[in-house]
Amino acid sequence: MTNNQFMFLLFSAVIVIFSLLTVTSRRILRAATFLLFVLFSTSGLYFLLRFNFLAAIQLTLYAGGIVVLIIFSILLTSQINDKLSIPPLTKRIYAAIAAVAGAILCILTILQTEFVQKTFDPARVHIRTIGEGMLSTGKYGYALPFEVISVLLLAAMIGSIILAKKRKD
Amino acid sequence: MKEIINLPVSNIEEEEYHINMGPQHPSTHGVLRLLVSLQGEMVRSLKPHCGYIHRGIEKMCEKDTYPQVIHLTDRIDYLSAHINNHAVCLLVEKALEVDVPERVRYIRTIMDELARIQSHQLWWSSFGMDLGGLTCFFYGLRDREMILDIWEETTGSRFLQSYNCPGGVMQDIHPNFQKKVHAFLKTFKKKIKDYDRILSGNVIFENRSQGVGILSKEDAISYGVTGPSGRGSGWSCDVRKTEPYSMYGKVQFNEVLRYECDTYSRYMVRMQEMHESMNIIEQLIDNIPEGEHSAKMKAVIKLPAGEYFQRVESARGELGLFVVSDGNKTPYRMKFRTPSFSNLSVLDHISRGMKIADLVAIGASLDLVIPDIDR
Amino acid sequence: MNSFFKYFSDIFHGVKSLLIGMSVTGRYFFSPGQIVTQQYPENRKNLQMFERFKGEVIMLHDGNNQHRCNGCGICENNCPNGSIEVIPAKITGEDGKSKRVIDKHIYHLGMCTFCGLCVKNCPSNALGFGQEFEHAVFDRSKLTKVLNQPGSSIIKGVE
Amino acid sequence: MTFNIYDFTSFNRWIDEGLNSFMSPTWALITEMAIIGIVFLLFYAVVGLFLVYAERKVCAFMQNRVGPNRVGPYGIFQTIADFIKLLMKELVYIKDSDKLLFNLAPFIVIIASFMALSAVPFAKGLHAIDFDIGILYVIAVSSLGVVGILLAGWSSNNKYSLIGAMRSGAQIVSYELSVGLSLLTIIVLAGTMQFSEIVEMQRNGWFIFKGHIPAIIAFIVFLVASTAETNRGPFDLAEAESELTAGFHTEYSGIKFAFFFLAEYMNMFLVASIAATVFWGGWMPFHVSGWAGFNTIMDYIPPFIWYIGKTAFIIWLMMLFKWTFPRLRIDQLLTLEWKYLLPINLVNILFMAFLVLMHWHF
């Protein structure tokens, strides 16, 4: 087992365990914290693949941004002794079926794919390439999707401001 | 008592959040408990719970003779201890129609103003500390040390001097007194510029204090907020002007008034008052007449039966002293109208709708001394 | 446009006031000569209290172990806290008359508020203030002191 | 062995080759990781203890005091004594607290600062990880610390803590923007995010001189925003002593409190070293192009000294802030960020981009 394999197994184990803990924990803030570890390990996987930029973005946006927002909203709304109630049995059965179906789909996809083992160096994508790709309008340019997403975010922002203002009256 | 404790609990509304500031809290400077209901960071209402340092001084006064009462008045508002002593002495002298020597009036007035300066220095220190500028605390205490040294040399104590006695003062001033007061004035005039540079002109401080804790003149009068806090609302309530005692009728000084009615104006009034106090001291210090340091008094002081009232301007407002005498050597009833108690009562009114941080600033600007509230 | 200029003048004045504040602390940082802290236990040798300093009430004794207290009890009456107890004794003098002298002048330092009434009202100036200020003890009973030294007597002519 | 105080690269290679000569590569890697970990832990502890001491001395001098002077000569062992005291203190159990999160929170805070420190270049070749996205990595990792603060505030089951955590959350989330953008200004000038390249590019002039006006503005904004992000100085609202007693760590005692305390100082060290590296050239000596003699003399001062000196100066500046200014209020804090720092920053980036395009920089 090479070092990389070991690290991959470690990160994967962390992801699996904490994902399970996230959905099974009955304390909502604990669930959020476990989610943080999952995202953290995911970025670790990216670092392992030498996708440094992606890993850092994962850390900034998900771990540092979204989890903080989630925790923040939990702080505003919940008490320390609050526990989530256990959902009824039917709901749990449906959820289990959905989860198992999703897992089967994933596993089938993975098994059916033929992975070609390549032995070249991990691609060092320079940030300049990413940045140019993000802003160019040419063949591999993502300027349009980028702008569309920003419009979406703007809409979301305006919507949240309107919601927040309405509540005050 | 039961109602007081139960009241906030029955008042709980949705989104309301109660925290206790005090009795052990860094910003209350003593054992005052403020039960604050918050909405987010905003103060909805506030209930002061006092009595944690109640020592029954008014009752204790009833068993003490008039000279003995003086050492208890030190401990009401310990920062203007000398001014409190002065009030008792003035009352006794008024009741007995004793004429105190001119020298005593001079000494008492200078000492009063020194007490006012040191009280304001400590207030400035703790004001800075409450706003988070810890360095202010050390600068204020450093300069206050000079006054304490002057007192120690003349009265023997640094803090609770018990220097006044009915008819005069306990001892004559020390030969070094005038020299040291001059040295203090010279030094402090330089140092007070640092105070302005580090806090008064600071943009953070101005934002923290301007428009915070608006106390209108009407409210100041109806709540009885006296002293620099009242004068910060434009209420001319200086006892030294309205009812001059000792030398205050003869010296030239301005009653500092400001009309912004906020924390900043209360702050500026106190800063200006330090300048005015230095001005008063300068007028008096070189002209102390020769003479006795005390009038001849009887060994046992008995006030004629009746009711007496005397008020003085202490460092935080009007100190009223009401005595009912039945002709004995001890008072039948002694009542203090302490300024901090009235000033505290307005805290709820002016801090509603403000942030917690503002509450700390407002509380500091009122310059509360907790033993003065509880007595 | 006006608010535009105000925005920048606000920034300018804010930064200027902050720099002024920093110049004060910065100046003190570079002038260690202005440090006012006293190094207390080290300076104990040359630490001189003011002569009027009210450290504790003492009874003044002269070189012959003699004091001026005749045990009249005025100090006890004047003390607002009851921190002085005068225990008088009667002795028979040379002329055969019994007279009142002091047996023990007990002083409770723990109850004293240093108001100075005992010293001021003493008719024979027997009491005074000592300069001692390190009063911390482990046992409260040590704060109760007998002011007249053992074997002391009254100065002739004072009584 | 070629130990060279001016360049640690050969020293590192010597260690690496030495380990690989008698171990399998896996074990050599593990040993190297362990060595680096231990070195960092030691560095962390030493710097933390020293900074606490320095802060107390600096603030004492600013306040006309002498500061700690009892334990050891000039009180240099004071913080060690304090640390031993903290170690021996009881860990108070809080009733109705979420114990798991309560115990976890200090570790998150300290690990975040620890991870960020690993990307900082201390001297030539003395560099744990040299990411091509170094600056982004530091911003990303240091943003994790706020999670620890939020968890600590919530799980202590104390109202002061909760308010402190809320404040801290709002504060750090908003000031991260300014920190990122002010660093971005320099990235525009440098064209790279790799720390080693950034330092190397400042060989003939530090960025604060090269980028002149926009770089100075960016430096000031970075200094203000990073002071806010480390919960220090006039921005210590999360633990506002006079308002919230101690804010988010009110209920912590003993070693757990020490973790927060240490992490605060290390974060200060971290932002100071980032500022020193990005704006003041890191370990690069002061060079003036054309003055060959002067440059040679400057080169004689070891890089590590340059780095420590610059960092210490910026730390001193942050201490000067802390011990001069009163604390801001929470709404003023956000006003400062959203109405002043952020717009200034955005305009500044444009300005810098223009400057780079026109080649107006030196």
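The chains carry the letters A, B, C and D, assigned in the order they are written, with residues numbered from 1 in each.
Operating definition for what follows: contacts are C-beta pairs under 8 Å (C-beta built on N, C-alpha and C of every residue); 3 or more make two chains touch, one makes a residue touch a chain.
What you are looking at is a predicted structure, and each value in this text was computed from that prediction instead of being measured.
S.K.: Of the pairs B-D and C-D, which shows more C-beta pairs in contact?
M.R.: B-D
S.K.: Can you check how far apart chain A and chain B are, centre to centre, with Cα atoms defining each centre and the answer in Å?
M.R.: Chain centres of chain A and chain B, defined by C-alpha means, are spaced 61 Å apart.
S.K.: Could you tell me the distance, in whole angstrom, between the mean C-alpha positions of chain B and chain D?
M.R.: Taking the average C-alpha coordinate of chain B and of chain D, the gap between them is 45 Å.
S.K.: In whole angstrom, how far does the Cα centroid of chain C sit from the Cα centroid of chain D?
M.R.: Chain centres of chain C and chain D, defined by C-alpha means, are spaced 51 Å apart.
S.K.: Starting from the mean Cα coordinates of chain A and chain C, work out the distance between those two points in Å.
M.R.: Each chain reduced to its C-alpha mean, chain A and chain C end up 71 Å apart.
S.K.: Residues of chain D that touch two or more other chains: which are they?
M.R.: Touching at least two other chains: 62-65, 323-325.
S.K.: Give me the residue numbers in chain C that touch at least two other chains, ranges are fine.
M.R.: If we look for residues of chain C contacting two or more partner chains, we find 18, 21, 24-25, 36.
S.K.: Which positions in chain A touch two or more other chains at once?
M.R.: In chain A, no residue touches two or more other chains.
S.K.: Show me, using the given definition of touch, all chain pairs that touch one another.
M.R.: Touch list across chains, by label: A-D, B-C, B-D, C-D.
S.K.: Spell out the residues on chain D that touch chain A in their complex, using ranges where they run on.
M.R.: By the definition above, chain D touches chain A via 26, 29, 96-98, 100-101, 104, 131-133, 136-137, 139-141, 143-144, 146-147, 150-151, 153-155, 157, 162, 165-166, 169, 173, 176, 193.
S.K.: Using the touch definition from the top, list the residues of chain C that touch chain D in their complex.
M.R.: Chain C residues touching chain D: 11, 18, 21-22, 24-26, 28-29, 32, 34-37, 39.
S.K.: Which part of chain A faces chain D closely enough to touch in the complex?
M.R.: 2-3, 27, 29-30, 33, 36, 40, 52-53, 56-57, 59-60, 63-65, 67-69, 71-72, 74-76, 80-81, 124, 126-127
S.K.: Where on chain B is chain D touching in the complex?
M.R.: Within the complex, chain B touches chain D at residues 17-19, 25-27, 41, 128-136, 138-139, 142, 198-199, 202, 204-205, 207-208, 355-358, 360.
S.K.: Write out the stretch or stretches of chain B touching chain C in their complex.
M.R.: Residue list for chain B touching chain C: 64, 67-68, 70-72, 74, 135, 142, 145, 152-157, 160, 162, 165, 170-171, 174, 194, 197-199, 201-204, 206.
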